[in-house]
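Multiple structures are listed underneath, in structure tokens.
In what comes next, chain A is part of two complexes: it sits with chain B in the first one and with chain C in the second one.
== the complex of A and B ==
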């Protein structure tokens, strides 16, 4: 029973980590308040769904396909929309408020566009449905694949940021945009890469959700909220914080609802959110600004 | 012979305020030039215009005779101008070593990963930060962060280094060590330095030439000795004008 619960928390924890990581890349690096992030997840879910059901792509490859499609969309949106918003913003605050409106518009367009194109009825496909026993704990194969896919993505992203040259550049950019530019970092190029990674990962996460649950145009909202709760918990721009925060929120959700009841899920999550905002607004791992 | 840096008739307005008006001066290769003036005289604005953080409204900035005004900051850095900020801006979440690595990899040197470690060590030695290499920049003292700011600028392999009050806020002993460090860096690397400093004695010891700004305009230039006797400079500094 306990192990069953923990494994279940690990599956959603890994997924939440990917979603929070992708949102934190967009928000932490560029300060774009991406309230359409849930819709980008939804687009990725549909991309995965159609790649599997229409084109017969193996689901694991469909995850990469969803990453590529969403990443490309992120790149196009950056060139066409975000670059201008960033350039014209006079301060971080004005950038956040402008981008909030822009992304709100994007979210409405994407949600309604998807409803128009694909209909509002949830769609699902079934793969890897065999039940696997892991040391006395039963889990369906698709959830195991989903967890593995998310863990791989998280490790890949963290290694990229810890080891690679461009990962270093983006971490510097998160810390201080002006200082990054005067030591020779091409901020535009770094933002482009961030968009590919951030929106690509959102699509990847969507396709992972499609492995486990039906996809619908209206599925995004809950993941956006979870993403922001985790970012506040783990700290803006703190990538490892997003991973740890994702696992913590999943534990809280799974174990907490088991102890109290399913009706308390939102109260637990948003209660934590508000408590963190009140008690440690810099995030539970954050330090006070120097 | 063309100067390494030539600033020609540069001006910048913010709304109705003219921060820098028609300023011209030059820095020769290997020379240390000081920029003096009271708060609000336009020194930091001038730095921002040269390093590309702002575009000038008029006038030109030439590096080795080539116009660079209005270019993006990272391009100007890669052509060989490094700078520090008056209010230090190291990357707090990166280690001291990583801060230096960013400059080495992305600056004018465009160093690959091959001998990165060795080059990091050289710069950390040179700036006395070697024992702190593994610490996060946020954990350093102000003096340490100022040195890191200098180390990161040096890592970009500049031919011209612009230092915006690297000694401000330091104790006299720390400032003395910073001065020695600057002198030895200059002697070893032979780079040109443009320095803004309120510490007059440090300016006198360091600079072969001083440019004086007042309300955004250049009111004098010359050797440190000549500048201290210049009536216009004395008037501006003592507020008699």
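== the complex of A and C ==
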């Protein structure tokens, strides 16, 4: 049974890691407080759903389709909206407060727009539904595919940021935006790429959720909360921290509640969150500001 | 012009104005108000109820309008608002519908806390409302005078569920209860019924609405080795339960989910073999031949919305409209007269005949539905059953 719980934790943890990575990219790089992130996940979930059910796209390709559609939306939003907000901001604090309001508005528009366009009724499809046995542990095929897809995405993102020029440039921006600009990094281009990656990954995560669960216009809220908890745990701008934080939250959610009881889920998650804020406010992988 | 001619002309003009005003009044649409959660956490669940309201309104208008005792027919015009899944907003909306919008009639909101929220408003205004999608005995116990409940209440489901389990020879049951009103109330009434029938509770676990993984709980169900699993769930966690029970190979022959299996998306989410044998509460199917309008409603709903109705919420919402319409056809729009009619009339609805004693429906027997060959059939109680209960035999591979 322990292995069953651990496998479930891996599925949730991989998904949470992708969501937290995408949120951390947007906040860590541009300091945009994206409280509409759950709605971008929802948009990706609907994109995946319609690609599979209307166009007959294989679900694995639909994940990439959702990434592309959301990434494109992120690029358009950057050009038309975020670039101006970032340019006009006098300080990080004012950027955060302005973006909070903008994303709050976007959240309402996206949620209600989706409800008007698609209706509030949940939608679901069934693919990869066979039971697969992994080392004696049974798991539904779609959950296994979801986990594999999330692990692949996490590895791809981490490799990109560790090896590629643009990845290193964005990490430099996360570490110190002014210094990065001084050494010649094209911040506008890096921000554009971050938006494509960040919002694209949110859409990818949404399509992954659609593989396993019903999708609806109101599904995003829970993932936003989890995303913020994880990036605070792992450290703002710390990509590896997002992955570790995602797995930690998933372990608390499955193994932790098995040891204590389902009613302790929120206490475990938010208790850990508060403890980290008190003991290590910069996050597990964060460093004190100089 | 003579004085006589002037008076005659004035009288004719006044009579003309009065006749035009009467014609305008008769031709004015009948305003029917309601508030439902189109956004917020219940926005996902309420469309099945609103779609039933809208279908009913369209059908009434297509038939020439709502028949009103002594007043011919008037077309129906809905005045509706989004309560954003906040009960306090629902109370404000119903206050506005009554005072500002001056609606002629009201339809019910969605969900138990929302019915509770409007109770003081409708009692203060003596405005009759036929409840719809709510599963709570609380409102009955509040001794309301202007709200009636076509849906059987949780205490009634507790009785029949225990009776059903006893009839299947169940000696022990595992209970998983979501911490939301309908689930908690059902558990409250079910536990003493199980005890009185000698059915032991092998596992009694409640869980919060934020639960995203049920592996631990379903593992405990497996270890409990009970004869039945009663998961008092809502749609989202019903999906979680089925997925997890399938992975863990829960082979208990009796597995019941409180709310969810009757919703259209549920059938699309799982293979027929996984749905087969799953039980849920409900006493409606279009296959119940004794209620000839059930099939007609089902077909009209499918034609209009391209999906089947929810066997609980869509049907009771539509039935609430039918009850109100039949009362208005009998006594007109006077609210006191409608209130009196609710006490005295018997109603013919898509859920079969409905008669209220106090505020409670005493005609509809609460029942249990089971997926059989991809469709929900009534399997309990025997006198309204459309099929015999079949033990759940497993899951798809």
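Things to note:
Here, the second predicted complex is superposed on the first by the 290 of 290 C-alpha atoms of A that agree within 3 Å, B and C clash if a C-alpha of one lies under 4 Å from a C-alpha of the other, contacts with A are read in each partner's own complex, and residues count from 1 in each chain.
Note that a contact is a pair of C-beta atoms (placed from the backbone, for glycine too) under 8 Å apart; a residue touches a chain by one contact, two chains touch by 3 or more.
None of these values were measured; they are calculated from a predicted model.
Taken together through their common chain A, the two structures put chain B and chain C side by side without a clash. Here the vertex is the CA centre of chain A, and the angle it makes with the centres of chain B and chain C is 150 degrees, a multiple of 10.
By the touch criterion defined above, A:134 reaches neither chain B nor chain C. Contacts of A:159 after superposition: neither chain B nor chain C is touched. Of the two partner chains, neither chain B nor chain C is touched by A:109.
Of the two partner chains placed around the shared chain by superposition, neither chain B nor chain C is touched by A:55.
Contacts of A:175 after superposition on the shared chain: chain B is touched, whereas chain C is not. In the superposed model, A:101 lies in contact with neither chain B nor chain C. Between chain B and chain C, more residues of chain A are touched by C. When the shared chain is aligned, chain C comes close enough to touch A:126, but chain B does not. Closest approach of chain B to chain C, taken over C-alpha atoms in the A-based superposition, is 35 Å.
Those residues of chain A whose C-beta lies close enough to touch chain B in the complex are 165, 168-169, 171-172, 174-176, 178-188, 237-238, 287, 290. Those residues of chain C lying in contact with chain A across their complex are 38-41, 43-48, 179, 205-208, 210-213, 215-217, 219, 235-236, 239, 243, 246-249, 263-266, 268-271, 274, 307, 395-397.
Within the complex formed with chain C, the chain A residues making contact are 1, 4-5, 8-9, 12, 111-112, 115, 119-126, 129-131, 138-140, 143, 212-214, 216-219, 221-222, 253-255, 257-258, 261-263, 265-266. By the touch criterion given at the top, residues 51-53, 72-74, 77-78, 82-83, 85, 89-94, 98, 101-103, 105-108, 113, 138, 152-153, 155-156 of chain B touch chain A in their complex.
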